[in-house]
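Chain IDs A, B, C and D follow the sequence of writing; residue 1 opens each chain.
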Amino acid sequence: MVKLIGWLLTNLFKKPLTFEFKGKSLKAVRATYRGYPTHRGERCAACRLCIYVCPSDAIRIEGSLFIINKCKCTACKDCADACPFGAMQFIPRLIGTAISKNEYMEITEIKLVKCENCGEPMPKPELLLGRLLGKPPKTIPPYLRLCPKCRRQFFNPT
Amino acid sequence: MFLDAIKQFLRYSQKKSLWVFHVNTGSCNGCDIEILALFSSKYDAERFGIKLVGSPKHADILLVTGPVTTKSRDPLLRAYDMMPKPKAVVSVGVCSLSGGVFAKSYNVLGPVDNFIPVHVYIGGCSAHPNMILEGLLRAAQILCEEEELWSF
Amino acid sequence: MFLGFSVGVLFLGALISGLCYRINSPKFHGSLAFLTSAVALYFLNLTFFEFLKTGEFGWHLPLFRWIRDFINLELIFKANGLNLFFALFGAYVSVGINLYAIKYMTHEKEGFGRFYAFIQLFIGSYLGLTLSENLFWSYVFFELTGLCSYQLIAFWYQSDLSSFSAKKAFLMTHIAGYGFLLGALVFNFSPDPKAYQHLILAGVLVAVLAKSVQWPLYTWIPYAMNAPTPVSALLHAACLVKCGVYLLFKFYLLLGGFPEFWKNLLIYLGMFSSLMGVLFALKQADVKKLLAYHTVSQIGYMVSGIGLGTSLGLASSLFHTLNHAFFKGLLFLVAGILQQATHTRDLSLMGGIASKLPKTTVLYLIGAASISGIPGFNGFVSKWMFYQAAIEANHPLAAALGLFISTLTTLSFIKVLDTAFLGKIDEKNKQLSEKPFYLMVTGGIILAIPCVVFGLFPQIAITFLINPALSLLNLQGVNISFYQLPTVLIGALFILFLGLGLLIYFTWLKPKEIIKETEVFKGGEDETVFNPTADDFVADIENRLATFYKKADPDQYLLKICNFIEGLILKVYSSIKKLEQIWSKPC
Amino acid sequence: MEFLKDLFLYPGFLFGFVLGGLLEGFKRKLKARMQLRKGPPVTQPFYDLSKLLLKNITKPYTISSFTYLLIPFVPTVGLLVGVLLMPYPFYQEKASFSFDLILIFYLTELPLLSQIIFGYFSKSPYGMVGAARAAQMFFYYNGVFIMVITTLCLLEGPPYSFCLKSIAEAWDSLDVLIKILTIPFFVFSVLAKLKLNPFSIPDAEAEILEGPLTEASGVALALFKLNYLLELAIFGSLFAFFYLPVLKTSPQMGLSLILLGAFFLFFMFALVENFTARLRLSQFSALYLKFLIPSATLILVITWVLKTW
């Protein structure tokens, strides 16, 4: 007990351990903090693997909009593990507070290219090739610039 | 004039003194542990006058963690009813925002804001203490400024 | 003349009640008793006014004149400060209690004649004791009160407990009578009573210990609670137990003060039995027993106050005697209402009846505030006088002890308030209503009025009742202006702030409707899981002091002494028996 | 006018309230600093109190609103008078009379009694348990507190007066020794009286919520808190009057000594609160009955013997 009293008294003259906190959120989170998913539209192939693996239905795709509902996201990192193209990334930052739930909807646009034949939106061919070959391709064959429908026509013209 | 100044001061002190009543409506205790961490040396919420109280009748803020389950709905509503005005509700953690991973369980009725009005949402699974602190201060701001919460 | 009337009318009433025992009507006997006691009070009041005008006077009935040379057996009633003081409050309290008893006794089936005859006989003999100047008639009346106590405790004589209690009470108060007899005989027949004062005081002390329930001879009073409540209120709170205190004052007057040793003995004996009484009271779950032990504790203050020997000390003792009669009588009446309403005396089985019996609750609060010495009630004044007297007489320890006992008294009355009146209401008490108890409540109000009046204006009692008694005892009158400052301050501030608060409440808070009614917070449970009762209230103290309670009960030691004496007598008797055998042997 | 000044400004309401608030804030700040936290500002109690004034009231069905507000209000008046009775510098001629210590003792009991009654009145199970616990504690620590007072009063030597002023003025070499001996008992009984940490049994935070005050809200709670602050001020200055030569020096010096004594007492309280954990009721009673009451009695008897012969 005497030792404890000694500690308490010396603590009086030490600097407190408390973080500074002024107004807004704290920036300095440790690098090991897992953080929350961020979607990178230019790498997304809209393959919907992330939707399939997400345990809490936090992700949905409407047209070309990729919506992460942070109200549901439990930061389990399954989506990032499942994503073949590395479009889901976890960066160590805090999620922030909100007055309405809409603030927690993270909406990004999936950057799709247009089919050269019909203009239908389709994923970038580089991503698929990169995944297949293991490295980014040097040249892209012309049929890969078409959407699957046009590609079928391209090989089997009826 | 003088009375108004006093009233302004009394309202301002609401911002500086925030008594929190914590309700767990079926959470996994992850958020509850973070709330405890909020009062540790590192985050020290007490410096902003935030204090955990044991009775909803003393509280300014209802801090809810967890999805609302069938068993916990009535206690939650009762606790909310017992709180004197002005009062605000802060919902902490993904489960209380939407049900989280428990959303489709047989005994989960839904998120907190289906039952009581929520003023500040704090997401995360589990919420970071720093985020909770920020949310509480935001709620304090709301309590101080929102006119319709006050009877006087 | 009026003095004789006031005693005589009660004896007459007792005679009528006794002769008309076949009239089995509580109303008839009750109103007769109420009437006689009211008449006695009226005559006493007339006497009192005459006394205030002219000074002391007496009335005497020449009896047994032929023996006068040897011993004076004339019945002399004398109106002086001390006698009238004791007689007046006794008569006043008996009026209130008789009014209460009219309703209370309707629950019984029979025995009204017996009951009221003895009640009136008791009041008559109490008045006789206090007014009588002749010590031998005092002794007769003293024993008569004990006899009435015996008869009244044994009202339900069919039950074993009642008859046992009656026997116990009678035996122990009878011991008191022998002490008094010893004192009276020595005082009358010794040429110089001053020389034998130690012997006289020893006798009187025994009388006080047994009759005025002081340690170690108080053990009969918890048993005496098996009597009907009016009996407990009148005999075992207000009048009978004051006989011992009266004797102390009487002998103080006759001997002209006590020697130093006896003073110290009285102070610390009084405080010690007060402490014992309050400690035992604390653990009682039976409301009447609790009140009985508080009688022990409060009379300790009176005995201790006499021991202080200063004018303020005696004044505090007298004033406490007066106050105790009112507030303890009132508390007993409340206990009787509780008992009839809930059909139990156990505090654990009551609970939450404040909302059902609001007037009773107010009466209880007045009584409890008085006995625990809340400023503004009469108990505070007399306790305050006691503290001051003790400190001025250089007995600060007595004052500290008194203060401690006062806190414990507060605690035990809070216990009763919390567990019986507040707290959770029992299922079977939900249909209670106060309607049937209105007459009883009126009886309580009669006793509650002086509690408040003497608390706010103690100077009335001091000037008219206590200072005459003090001047008889050759002491100067007291002036309690010191008491006025804090009470006036507290009272004025309280009223000021209360008014301010009410103003704010009605002009500002009420229109805004800021008060909302909700349920009690039970921590999310639907039903209350835990409901503390009277047993839980002081459970820890009881556990902690269990050995003390076991060891400190004087009954077991008294029993050992009794057994010892019995053995002694048996030894003597067996030798006598042997002699008998020798003599009666046939040759 | 003079009286109103006394009542509301210097020794009365404002002084007691500000002193009590600062003491409470100081204690909280110190406690936080000992745990390497920053802690709330020293003015935090004032914010807490003034916030409660504008809050609504949610009272249980079982209790009428008049009673609900009256119960905490009675001790407020009592404590105000208690503060007025203390012989503070610049004021001492008006205050003290014989036996004022007994009256102060009576008045400082009122807050606890009101809490016990409130706990039962509200019919809250937690309130009832807390009230029962508070009542049982009341039994033990009051004995010690009365013994401390009596010991100090014995030091004046006959004639005794139980007057705070004459106790504060009694300073002998022997007196100092006995006074120092009684300090631990004073601290222990006041700790229990203020329900601070090792003895925070009636309102054990997690266990029985807020104890007797579970049902208090709004202005009623504010009044309870105000009572608490006034109690802190009274006990802080009692400590200074008992153990520091307050009335022996100039008034300015005396006033600063009172503040010094009070803040020192609360420094000790902060330390004790930090290095102890809450006791159970049985442990509390064992501590008092087996250790504190016998030794306090011993000191009382020794003082009595020394002063009488």
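Everything that follows uses one rule, which is that contacts are C-beta pairs under 8 Å (C-beta built on N, C-alpha and C of every residue); 3 or more make two chains touch, one makes a residue touch a chain.
The structure presented is a predicted model; accordingly, all values stated were derived computationally and were not measured.
Colleague: Which neighbours do chain B and chain D have in common?
Modeller: Chains that touch both chain B and chain D, as defined above, are A, C.
Colleague: Tell me which of C-D and A-D has more C-beta pairs in contact.
Modeller: Of C-D and A-D, it is C-D that has more C-beta pairs in contact.
Colleague: Taking the mean of the C-alpha atoms as each chain's centre, how many Å separate chain C from chain D?
Modeller: A distance of 36 Å separates the two centres.
Colleague: Could you please state the distance in Å, as a whole number, between where the Cα atoms of chain A are centred and where those of chain D are centred?
Modeller: Measuring from centre to centre gives 59 Å for this pair.
Colleague: When the centre of a chain is set as the mean of its C-alpha atoms, what distance in Å lies between chain B and chain C?
Modeller: Spacing between the chain centres: roughly 58 Å.
Colleague: So the centre of each chain is just the mean of its C-alpha atoms; given that, what is the distance between chain A and chain B in Å?
Modeller: 30
Colleague: Listing for chain A: what residues touch at least two other chains?
Modeller: Counting only residues that touch two or more other chains, chain A contributes 16-18.
Colleague: Which residues of chain C are in contact with two or more other chains?
Modeller: 514, 516, 518-519, 521
Colleague: Residues of chain D that contact two or more other chains, please.
Modeller: 32, 35-39, 56-58, 126, 209, 214-215, 218 - these are the residues of chain D that touch more than one other chain.
Colleague: With touch defined as at the top, which chains are paired up in contact here?
Modeller: Touching chain pairs, listed by label, come out as A-B, A-D, B-C, B-D, C-D.
Colleague: List the residues on chain D that touch chain C in their complex, please.
Modeller: Against chain C, chain D makes touches at 7, 56-62, 65, 69, 73-74, 76-78, 80-81, 84-85, 97-99, 102-103, 105-106, 109, 113, 116-117, 119-126, 128-129, 131-132, 135-136, 138-139, 142-143, 146-147, 149-150, 153-154, 158-162, 209, 214-215, 218-219, 281-282, 285-286, 289, 300, 304.
Colleague: Within the complex, which stretch of chain B touches chain D?
Modeller: For chain B paired with chain D, touching residues are 7, 9-11, 13-14, 16-17, 19, 41, 44, 46-49, 52-55, 57-58, 60, 81-86, 150-152.
Colleague: With touch defined as at the start, can you tell me which chain C residues reach chain B in the complex?
Modeller: 512-514, 516, 518-519, 521, 524, 526
Colleague: Where on chain B is chain A touching in the complex?
Modeller: For chain B paired with chain A, touching residues are 41-44, 47, 94, 97-101, 103, 111, 113, 119-125, 127-128, 130-131, 133-135, 138, 142.
Colleague: Which residues, counting only chain D, touch chain B once they are in their complex?
Modeller: 28, 32, 35-41, 44, 46-48, 50-51, 53-58, 126, 205-206, 208-210, 213-218, 221
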